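Here come two complexes built around chain A, the first alongside chain B, the second alongside chain C.
Let's turn to the complex of A and B:
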């Protein structure tokens, strides 16, 4: 398992991050390091803080304490003086460095598949419309939807929409890609086509943090699995270790046992 | 009867121009102010949200006629003397602004939160998110009530005649004062108001159809 070293520093460095919604602590001093090219899967029961952690990484959620750094830069807060939220402009810049794919796709319904991908390229990356269109077509090709460039989201199946969602995120050339239960809203027969895209991105060396309930996929595609429970990291390690039979972690064992019982 | 109408038309034309001018001013000013305050109501910090909420609820709770008299006869007491024309425009604009705030809140509020988040995730700033993601989708929901509001503004502008401004309504009354022929002139007035508003609703329906491709 790749460990961050001076020669290979962590691309994503989550350090003792805590967050509460009112009196409910959703993240308790979570630390996690991800190096370039790693695919880290976060599993755990619902309410364990997986999705919140992911949303803190691109600052869709603020966090109360600790720090999250991408490529050495603090994500949501200014690095000088007192802890102060970054300006709207700075936050937007930081967010453009991370890609995110959502459970409910969240494609822009008024734009075509290509238009969805082009928006960020035009307005954030400052590409010309010819360039943006070419990039959009390239990525639509990569996710197998070259022929759907001019279709509106409402004309696409769930699996196709999610593949556009992935293309929209990676076209921005993010340093890290966050995948938030991206197959949970899909009909079972459409899950495969989406995971196939993720697998090919992983093979290309895209750094990813993925929250998922697809254990088989997590086992095959991840370099590391992190098990979260009650807002904290309860276990972390290579898939064979975490999903193996000898794991010495009662909560993980009961999670996996319940999971297997409900999925097979 | 046609003779009466022919005689009245030049007078009415001037009044009609004033009606259109008042309506246009009110519609444009209230659109700008209402959209800005509506955005404040949906996205602003708590103090701003409260201020807009209080403004909107207060204004909408006051009859428009009371508002017009309040601005014209009441505000001089605190040192604000407005010509009758601008007092009327201000009062109607305040009234309309409160409505636009609510249309905007409704239209923007109907856009799922995930749209903003997806727009944030690709690095769009707040203004860009509004301009390229939220407003284009909210527009279709904003338009029908807003056009309704525009026709209300045209009709409501007749109230400015009560401050002695010679709009279409006032011009009609003046002609009647000279000819004592009320019925044909009120019918003519009704037809003119109707023609303007019917044209507006036709335009609205056309626009709505153009944006109907947006499905959620």
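Let's turn to the complex of A and C:
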């Protein structure tokens, strides 16, 4: 299991991050380190802060204290002086370093599959339209949708839309890919095609943090599983350990028991 | 009773009605174009601005919405030149009034359209690193346009009918043409029947064309 060391520093370093919505604490001093090439899955009951944590990593959500660094750089706040939110322009630059795939796909409805992928390449990466188109076609091929380049999202199935969503995120060549329950909105028979794409990205060495309810996938594809409960990291370790029988974490045991009861 | 319809005099002066209809359309098109500009600018400003700006924009919208159009037309054409030193033709004055009028309604249309853009789309725009301006132009406005197109069509149709108010300051649009023929021929029933039919047919044709455009837009989503 890759552990961050001076020789292999963490690509993503979440350090004691806390966040409250009013009087409700959603993140309680969460720390998490992810090294290059690692696939970390985050599991836990709903309301445990998994999605909020992921959204803090690319600053779609702000946080009250602690720090989140990607490649050594603080994501949402200026690094000098008092804690101050970065300018929108800087935030945009920082966010371009991470890719995100959403539960509800969130494709731009007015753009074709290729257009969805090209937008960031053209406007953020400054590619020419020929280059952007070539990159879009390459990634659409990778997710098995080369023939859908000119289809609009409304003409695609959920699984196809989500694969476009993945292609849109990875085409930007992010340092880290965030996957937020990306199969939860899909019909069961479409889940496999999406997970297959994620698996192939993992094989390519893409660093990923994935919030998921797909336990089998978490077991097979991740290098580490993080179990969150009540806004904190309750347990973390390799899949065999977390999903194994000897675990002495009571909350994790009851979560898994309830999960198995409802899914098997 | 005993009144015989005679359309001959109407046809003899039909150029007044035809020219009037074209002018009505022109007034509506120019006004909605300027109105869209006003509406877009203020709506975008509104959703991103602080309380002071919002209050000023809301005051403009409420003022226009609660004052009858005919009064606004009088205020701008007769009132304004007596207070400030400007001179304009009746037509220019009317276009200015109708633009401000439609602008106020469109601020509301566009504002609610912008607020109806799903948050997920904005998140997706953020996630790929678009700046706020890029998100506005490439994500929010296209979706807003799709959402607001039906309301935009309705506003345009209303404006087309509202151009008849210009007759009160002698702008020679369709209703004014009808009044002219009425004064000169006294064929009151005939002329208003014809003009009603002209408004109706034109309105219907516009509606049909706009629905076609909407359908094409919807097909693209």
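Note that in this section the second predicted complex is superposed on the first by the 264 of 264 C-alpha atoms of A that agree within 3 Å, B and C clash if a C-alpha of one lies under 4 Å from a C-alpha of the other, contacts with A are read in each partner's own complex, and residues count from 1 in each chain.
Keep in mind that, in the parts below, a contact is a pair of C-beta atoms (placed from the backbone, for glycine too) under 8 Å apart; a residue touches a chain by one contact, two chains touch by 3 or more.
Note that the structure is predicted; figures quoted are calculated from it, not measured.
S.K.: Would you mind checking whether chain B and chain C clash or fit side by side on chain A after the superposition?
M.R.: On the superposed model, which is not a single observed complex, chain B and chain C clash.
S.K.: Who does A:24 touch here: chain B (first), chain C (second), both, or neither?
M.R.: In the superposed model, A:24 contacts neither chain B nor chain C.
S.K.: After lining up the shared chain so the two structures overlap, which partner does A:245 touch, if you call chain B first and chain C second: first, second, both or neither?
M.R.: neither
S.K.: Taking the superposition on A as described, I'd like to know which of chain B and chain C A:152 touches: first, second, both or neither.
M.R.: Both partners, chain B and chain C.
S.K.: May I ask you to decide whether A:261 touches chain B, chain C, both, or neither, giving the answer as first, second, both or neither?
M.R.: Touch status of A:261: no partner.
S.K.: What part of chain A is shared between its chain B contacts and its chain C contacts?
M.R.: Shared contact residues on chain A: 58, 60, 88-89, 92-93, 95-100, 102, 104, 106-110, 119-120, 123-124, 152, 154, 168-169, 172.
S.K.: Show me the residue ranges of chain A that touch chain B in the complex, using the header's touch definition.
M.R.: Touching chain B from chain A are residues 58, 60, 88-89, 92-93, 95-100, 102, 104, 106-110, 119-120, 123-124, 152, 154, 168-169, 172.
S.K.: Chain A touches which residues of chain C in the complex?
M.R.: 118, 120-121, 123-132, 134, 138-139, 142-143, 146, 220-221
S.K.: Would you mind writing out the residues of chain A in touch with chain C in their complex?
M.R.: 58, 60, 88-89, 91-93, 95-100, 102, 104-110, 119-120, 123-124, 152, 154, 168-169, 172
S.K.: If you look only at chain B, which of its residues touch chain A in the complex?
M.R.: Checking each residue of chain B against chain A gives 112, 114-115, 117-126, 128, 132-133, 136-137, 213-216.
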